[in-house]
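Remarks on the structure that follows.
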């Protein structure tokens, strides 16, 4: 069914913004691609150059205030950066010319759009996606021509041209999978079969009905890569970035954080929840479904193998099982609802979660004890107050500051609510912890040595993490202690 | 407002079945009452004698099978027991006669009812409550007359006569509080003011509309006592039983379990969830609302002060804070739901709890980790399979035994479900744990020394327990180790 | 597949209580059966004799009050009636003896059960169904033996023995269709093949799990007949009763009401909603699904063909289409909710119906006008006040009697509620009305001639009736006028 | 409380687009105002001039396609129209100058905004409201200065400046009533007290939080007028338009439609649902709450009294009660759901309306017959197919085209669905119909004379209309016949 050359392995390689930050980086990226191209089938997915997306957003902000000149100044620098890339990366004149025309055309359009925003002092989500689309379209076109001027056969494609068709949710589009898969296959496989490298603009796609530019939201370029890989049955996805791989802890807190060599898809997802430089769960899904390994590598240190995200049943025997990493999410809020109306009322939990659903507030962590007379929830701090307000109103809870909370551990009635707004979630992460007795004990003893108080704990039975809540001020201490205990010592 | 004598303290004393097991025990109970009566106002609440309720249930079982003679044989023994009590406890002839008439009348009625059941081989919940009402009515009448023949002024009252009026939920009636409080006050306070001791049949009440006997369900006699105490503003409730107080662990597992001297209402409720010989949360509520202390004492060891359940702000300075007890609930089941449809879907939790609400299944314990890609729940083992079945059907989850669960930690798709049916909840209990760093660490290190694997953990931020799930086989080991570590050593 | 003799037609015949009222009626019934038996396959379904069910209910009422003797007196008459039937209907001694034994056994059991109820002064729905089962078991056994003594081969079967297995909803059991169909076929077809007439007790069935007697609720004997007919693919169902067929109007109001020769299943269902002597919709369903015709005939006037309920596509060309009957439902209540919160609020209708669902109140009739600023509902009068109360509370409606309803057609705000409790629904019924222009005009002009005010109208686009609401006092006038106009004149 | 001069009546007068179509019309409007100003307090509310709003929308459409020149051409004509108005309506130079500056400024801004849209080829709802705001701002400013140059003291105010503060629902803002009322009073009453005529831009308001222009949606200028009148307790609202009043039928169908002299608020609302040139129900609400009469008059025929919308209890004795008008809504769709799952299932109606709520589809008309085995609904034709699709899916209904619908009036099972997409709703409207016997009969007889088939009927008990559904092709015939019968003849 697949038309690609089977003698060669097929890689989908995505290069992030840092790998395309400037002429030097683009040339490094190109050299990597060239090396692989000799004995592999390749599909290349590109982000925008460096901080281009941020600059576009900044220009939009200026434009919305009517500061046309400031907006133009921002774009001017972006323009120069792209011009330099063209000058320095592309040797052959004809590709240079093509690129310069492309830049001229796109920057004219950017100018028009920003002017439009300046005049309206307003823009719709549709226009926001449109302006964001320029970053990837510019960078990808340059990369494609850079490779061409190095002698490779390439074909530039926007996300939509490659085949990614979506719904109309501007800002976080969802692909229409069946059509997208068919289109990706019918577009890319013939190119590959002809020895052409498709160079695809990541992050952006096309609306199925109105054929407009749209973006895939956070982690969108990774998602472009995994969607393509799953559609064409690629052998591996390589996400080229500027770090050596996924780390055992946040390097801003832990200097000696280690590179993780192999993690499972689930571990990678869990770690991503803790802000590790890694993938969005959604972006991993197409790879996980097909069992396609995802490698995270450093464009600027290509000799290092990086981190391989893969099926657990393919992980080498020697691969460690147990705690692999320590993560944390600061600036969260914890809410606890207690009371008699919760005892013996099977519908109360349902009501609590209906309220959260209505508010659109995701639950970061949740715990309920045996006696069923209270439920604790952790949410992002920015959501805390609206949750507290809604619970008080909808569940008729006592004000937690009521002066009359006396007899009943300070409660005047049994239905009451408490919250803390200065807390952090800390988690130890790793598959197989559940089969290793003593980990929970070591976790909490380690934390206790530093006099850190545990506010809340959650560990689910099939989870690969133990999460707990501490005060914000104890965060660095707790993460360091756990990293020392589990990652460094082990 | 209150008409009781203010110079005296007012006690509501409830004597359980073991305190009324036979003539000897009733005399012991009477001597305790007599002692208190000299300088206190009293309301006495009585359970049925010894195993009377069980015998009534057994007779009903026989009757439902048409085994009239077996039913009558069971009742005959109960009759003899009550006759002995009358003979041996009541000295004065006129009270003896009154009691014998009462017994004759009530046992005649029991015989008729059992014959009716034998003929129908069936009975309604209403008739079940009717037959159960005899136990308390018989014992309470004997106690009342025993006290009278000792020279005390008493007045026998059924629960309904005392004033407890309920809805029509046969088997677990709910009092109509406003009416009940008014009636209790207007009935009992004048008696107390006249120096009469009301002797009230516990557990049974009267339906507000149809004026029939009805029972208050589990822990009903305690509830009778606290309802009365709250209505008449009693100074203390004393629950006389056959143990020295609430214990630091289940004495069947832990030989050297200690008596807890003071616990808060909330601690008592939590401990009751772990099956400690203690009160139903519902029965504590009227006392807690009014801040009336509840003492648990041993009828047969009255020199011991027992356990005092009270407001935290009245607990003496020296009272220990931290882990006070270790409990466990064996034979539970754990379910974990994972998957992509849970990631990023704020409505999934709401759906899960709607299903549990629909099934009427209470949640014993619940935990959800940071990444929001799974939720773990613990339910009674008897509910496990219907929960698993409903989740699979309603949430379109993969069969956990699917042979195709390969790539994704054994999952073919991201929506799947696992469960364990051989697990136990263990909890360390005690107010103030949350302010004591290191307790979680000690808990899990202690358990780890025995190689016990932790399947799931939950600690909410205002909770007074840390709960975790282990395999059933590890239960005794875990409870013993924790009791040794926290109760014995501390 | 079917094992019945194909040369003969197969009838399922059900004889109602009036057809079995006494010896004379049973002999008449038997003579009808004998006539058919000569050239047809038959299954006979019997109700209880005459008013037996009412007498059983009356005896239960006495027993619940402890009036054992009155209960026994009622039953004694029932016993005598059945004894007379045995004496006079059964000629052959051996069948007489079998029947007398049967009566002795069953009346002994009835006596025991009534005594049981007298003693308990209470009974469960399960026991109620048990006692009701005697009526059909007695009558059916007598009919079976009457036929036997006339030389026919018969076999008495209770509903459960015939194969009707149900859930546990005592009082209105629902058959478990798949199992019931299989059992009915495997039990009845071999008997029929052997030339035996199964004589089945209608109305009663057996619980699938606990194997107890249970009743099918209102119209249960008809349902027994149609379930059997559908299972064994009978050619026709005959419901023998004491009227000549379905009538064009209630004969208590309209003296010259006509017999309807042919009606469709849907027409029969609609007419049954208007209390015509006819079938429950549920009872018609098995026949309608299989397209088996149902004939209603008069046991005491067997020369008349009666009414044939059948598929519309089998109705003879000459069969009239248009208004066939006029029905009415007196003693209903109408509620109208109006207001601005309804205008433009697509959720209000949903909320109204959620409330009715919660209350368990069926809607008899409903109407909403174009502007969407009010909804009118008709419910049974007994439900009216709880509906009004719930709507006022849940929808925050104005009291309809508010003195301040001035400006806005008497409304102080736009959300208000009105109701009428002295109204009747009248309907003209008949398939094909919708294709006959002018019927609505004739209906309302006819009513108008009598100065009758129309409060509310509803006609759905595929309906076979036009319904409208008038004051109770106008009922007889309206029905008579419409019957004259549409049935007599046409 | 009110500071206005009590000796004078206070009118809020709104002049619609046709009353401001050009210089001549504005002068006519001004002469009307001048006449009233001599002995009344006035607040004037203006719409945009003639077709200005349509032209702005057309320009936006061009701009969205990038057709800047076409957009500018459209605006250029609008500009000229406004310039002419200034030239011809304003005599005094200083007011002319002020207006020309105003036009210059606003048309510059319009040009900028359209250019912005052209560049973006897109605009947000916020920007749409911004551009629509120009129409009212331009016209109102010109009217204010026209009046000033005629010697009246006036003050131009945008809707927000007058005090109308709203939520952020761009396109159909909802006023925050409490704040709006306070602001309107504190802004307008002092002006009135000073003898100044506030001239307020209708339709546009200001967002409470972000202080941006926003529009009140359909009927917005009327709503501006009634909000103001209710806030300042005006004596009457006059809506000046280009028709002589509300008519007894659509004059495109009925040549001799009559002017209705007096109608109640409710009648006006009902008629507006049928597209009569009248008010939105929402716009009437503030007037109805306060009982302020609303008069509809013709600017170009001011000698005619027009239609007075008022409280029913103020309507003169001679005012007709009964059918006042005949309306119709063509191009609707009717859906009928039938079946056994509806019979006896109190939850089915709730489910049907939950689906409609989810789809956001308003119900135009609804009917359910007595037997509760079907429900008929009428919705806008554009909603029909999604309703049909959702019902089939969610209620598991049979395909209406199933070839197997045989026995059961063409149904293979009892749950099925039919629809018609070529139908029209016709209604006769008028308060008091319900107290007039014979109207329904006359309605349907009248229609029947023309051989028109009635598909569905609904009349609620407190309604002031009888609605029915016919085929589209019969619409004109039915409306004409009913108008002749009820309006012309009566």
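By written order: A, B, C and D. Residues from 1 in each chain.
Here is the rule we go by: contacts are C-beta pairs under 8 Å (C-beta built on N, C-alpha and C of every residue); 3 or more make two chains touch, one makes a residue touch a chain.
What you see is a predicted model, and the numbers here were worked out from it, not measured in a lab.
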Other chains in touch with both chain A and chain B: none
Steps needed, at fewest, to go from chain B to chain D via touching chains: 2
Most remote chain, CA-based centroid, reference being chain A: C
Comparison of C-D and A-D (more C-beta pairs in contact): C-D
Between chain C and chain A, distance of the C-alpha-averaged centres to the nearest whole Å: 64
Inter-chain centre distance, chain A versus chain D - centres from mean C-alpha coordinates, in Å: 48
Centroid spacing, where centroids are CA-atom means, of chain C and chain D in whole angstrom: 51
Numbers and ranges of chain D residues touching at least 2 other chains: none
Overall pattern in which the protein chains touch one another (line/ring/star/complete/other): ring
Contacting chain pairs - touch in the sense defined above: A-B, A-D, B-C, C-D
Partner chain B, residues of chain A touching it in the complex: 264-266, 269-270, 272-274, 281-282, 285, 288-291, 311-313, 327, 329, 334, 336, 338, 340, 343-344, 346-347, 349-350, 352-354, 356-357, 360-376, 406-410, 413-414, 418, 420, 425, 427, 431, 434-449, 451-463, 465-469
Chain C-facing residues of chain B, complex: 112-113, 115-120, 122-124, 126-127, 130
